[in-house]
């Protein structure tokens, strides 16, 4: 009887030790963040209220953000996250922005540009080139359509257009 | 690794119908319609205005992009309009066309004959491009960019494709019978442009007359570089990659081009057109079109000026006979069913089939796939169409990607043998854009992520440097104060 | 034999439903589900191969000499927990295998415990080698069944299953037919 | 002029699902005749019952699923299910056996999965396995082959109908008097009673190849199968792999201990070897689809069949083996995708 109790206690102790050492939540969260980030559209628009896709992924991994805060990814992304995390799927919350059927890219009305570089600083993926006092332009292929460059422009010369419109102009 | 071509079909060719009568040049029509995007790649840019007078052979639109081809007037006359017109190669979207009214003068703006051997290969291929040359096998890929890519290696092997594997089409057959010398002349020009040491002319074994004519011409020419090779008649052995595999036993890598493995493939018709441009100064403004099908009274091969309405060709062939089930541009396997016959002949129009119901075996009721595997046996690129079909139905794009949907050449062999009469090729054509979009958006997301991360890193580094500098300054200041105080 | 089968198929079903969230159609998540199945299948196969001899050793070297046979099931469950935790730690870097679900470790634990206890009670292994073989056999059997089932389900997505039989009902019927097929093996193993 | 349009290709081979199914039925016909020659008209009754119920179930299922009767009822797939199931049953089996088996096969194994083309399991084998597991006793009541030197009481045509539809024998017959185990069962019983194989084969029901009567049926099926191979309705991979996977272990075990293990000729001509290899395992809907996959699939069926026959609890294992490998098909397909043109191996 006493031996039995001792054996149980011994096993219990070993288990507790293993449990304590294995449940390193930081590492777990880092991996989960990586897997969530893989499923995000990488627009880096910040509409989810975080500064980019990776910070949002980290917040979801920590349980601080919901899975339906990504309008560029649309319902497909929300669903992919739901599948990953084993939660019921839900549509994108319209508070974070409207889901667009077709991707848009930024377009600079080049004659109007004054070369202030504000948009260059705003672009999260370095897709705008130009130097101070010189005209800027958007590298369409690299533009994710995050719209972050539109607001900072002092002369309102940036607008969002469809890829085909940009190609034609 | 040596491989033979997988699968394929032995189809009834129906070619004798159109090879009974000699090749005939038909008169130019009163008006020609020349689409600016009748080749693969970017559309050509017009260099004439409405109202301009043009001569036959005059440049009317220039190739401005890397992959594009220039366009020449096929008749002398006045530019009537530059406007969207229906074209045969696009179903519902008209293309911008240059419309020229023929003044009947036949005034030609022929360039002078060129001594190609005096030109260096790069200049020669540019010059060939100026003639508006595109592949005349049906895909209409511009010749100049293809030559440019071929020049990158050291002296590739040239294959001249005379394997016309699709049913009904016989334009290359007739060309080889009647203009063998011109083809070999073109082969010599291409060999010079590519600095190729060897040129294999591939002819299918159902064209003995053409093969004899070519062998005779080759014997007369004494060009050691040129070899005539006969291959079995199997559809789709005439496809570019397929003909290369049949001849060399090598497979064109999925991620590459034939030129990556030192092989370049051109159509025999292209070679003849190049010879005509170099020797006679006539750019690509006419081509041979097979007009055939049981619904044509006098089938045959016609040489038609580009932009001629197809109805004109039909009329020249004695008109329709019987009630036409389909009018096809191309053969019965990959050809397009045209909704009307007033569309212009373009550089890619190799054949017109006015098919009576008896010529076609149109699909019956579609049944579910029973996975019999006939399709995967017939597939020349070794796909499993039965599995692709299944996963296309469930929109399982990752399965479609790993099964190789993007490698499908849409030859229709799987359709042909399917007991369930499933329109497989059409289904794959439909599924491809969605898969491409998925692949590109994934690629773009990956790039955006890398750019974002590198930017993040850079900003952090700058911030850290700034902080370090600030700290140093502060330190210096405190030191100054202490020492000063 | 049939009780072995029922337990094996039961665990397959539970694992599969744990992988797919019940009540949802998942046209785009096929690879996640299959990768998850590969993760659970391989973890369970490895786990059982190790767990079976381990529990045999504990049984022979500790429990029987000490006359504590009655503790065997409890101890095996604990060993299974231990094993699951170790495996989870070992698999952690195989991100494409391991579905990052909270329930993964728990599932692995239950799986290991259930199958481990079953092996102990059903197949009385006399030697250590037998215990290893029994564990590996059950593990590989489980893995093969789970993977076969997961890919059957993936293929089923394109089928026009009548609405009222979609998802869980057809999955249960499939498991039923698999059980029927495996009934053919009765008589091979004498319990 | 304007014309109708349709996507390419504009020409397809004159082939149809119905043609495939009808040719399979033709290939089965000689074996059915052979079966009737050796075992009486019972099979014809079973086949008619099986086919009618299969068609009826098919019609009901199509109606319930809002599908048109034409072309699905007339595609011949339900007929094949009915025929194959009936061929697996003893000729005098009571009517409700084939009726319930056939209905279960078509309704559960086929239509619940979405009908033609979607069933992962072979419907006939699902029906048969259900019957085998649920009514083992009725499925052992086989008749001896009708051979001159086998003097046994034999039911007439009237007796056959009476037995099948009433579910019991007419008064003048008893099961003990008219039934005889199949060669596989007989061999199994003899061996388990401690006889050597030579002693077991002294029984007049065994001939040079395997069980008499059965050997002829299997050879006829082989002939039908070869005909289908020539017509390219089926491919050689599955039958060859399956028969090899039965023959090789049989030959090896027989070489090791000729007294305890029957040789390959016995195994190949006994039970459902040929029916399984050419008509059941080759059902393309539930079989693996690439050539490599087909070889693995066929070999798996052969091996499992041999294992069940030799060491398992059932005399024949083809049905179970087919179902087990059916379950593995999507997995096999996943890992045997052939190399695509232009991709490195």
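Things to note:
Labels A, B, C and D are assigned to the chains in the order they are written; within every chain, residues are numbered from 1.
In this section, a contact is a pair of C-beta atoms (placed from the backbone, for glycine too) under 8 Å apart; a residue touches a chain by one contact, two chains touch by 3 or more.
Just so it is clear, the model here is predicted, and its values are computed rather than measured.
Fewest steps needed to get from chain A to chain B, stepping only to touching chains, is 1. Both chain B and chain D are touched by C.
Looking at A-C alongside B-C, one finds more C-beta pairs in contact between the chains of A-C. Centroid analysis (C-alpha atoms only) places B farthest from chain C. Separating the centre of chain B from that of chain C, both taken as means of CA atoms, is a distance of 55 Å. For the pair chain A and chain C, the distance between C-alpha centroids works out to 36 Å. One inter-chain figure worth recording: chain C and chain D are separated by 33 Å, centre to centre, where each centre is the mean of the chain's CA atoms. Among the residues of chain D, those touching two or more other chains are numbered 115, 118, 333. Along chain C, residues 28, 154-155, 158 each make contact with two or more other chains. Chain contacts: chain B has no residue touching two or more partner chains.
Contacts between chains form some other arrangement here, matching none of path, ring, star or all-to-all.
Checking each pair of chains for touch leaves A-B, A-C, B-C, B-D, C-D. Residue ranges on chain C touching chain A, taken from their complex, read 21, 24, 26, 28-29, 32, 62, 66, 68, 71, 74-75, 78, 81-82, 85-86, 88-89, 92, 95, 99-103. Chain contact summary for the complex, chain B toward chain D: residues 1, 6, 11, 91, 167, 241, 245, 251-255, 311, 320, 324-328, 330, 332-341, 355, 359-365, 367-374, 376-377, 380-384, 386-387, 402-404, 407, 410, 412, 415-421, 423, 425-426, 429. On the chain D side of its complex with chain B, the touching residues are 1-17, 19-20, 71-72, 75, 77, 115-118, 233, 235, 284-285, 287, 289-290, 333, 337-345. Every residue of chain C that touches chain D in the complex is listed here, in rising order: 144, 147-149, 151-152, 154-156, 158-162, 165, 170, 173-174, 177-178, 180-188. Listing the residues of chain A that touch chain C in their complex gives 3-4, 7-8, 11-12, 14-15, 18-19, 22, 27-28, 31-32, 34-35, 76, 79-80, 82-89.
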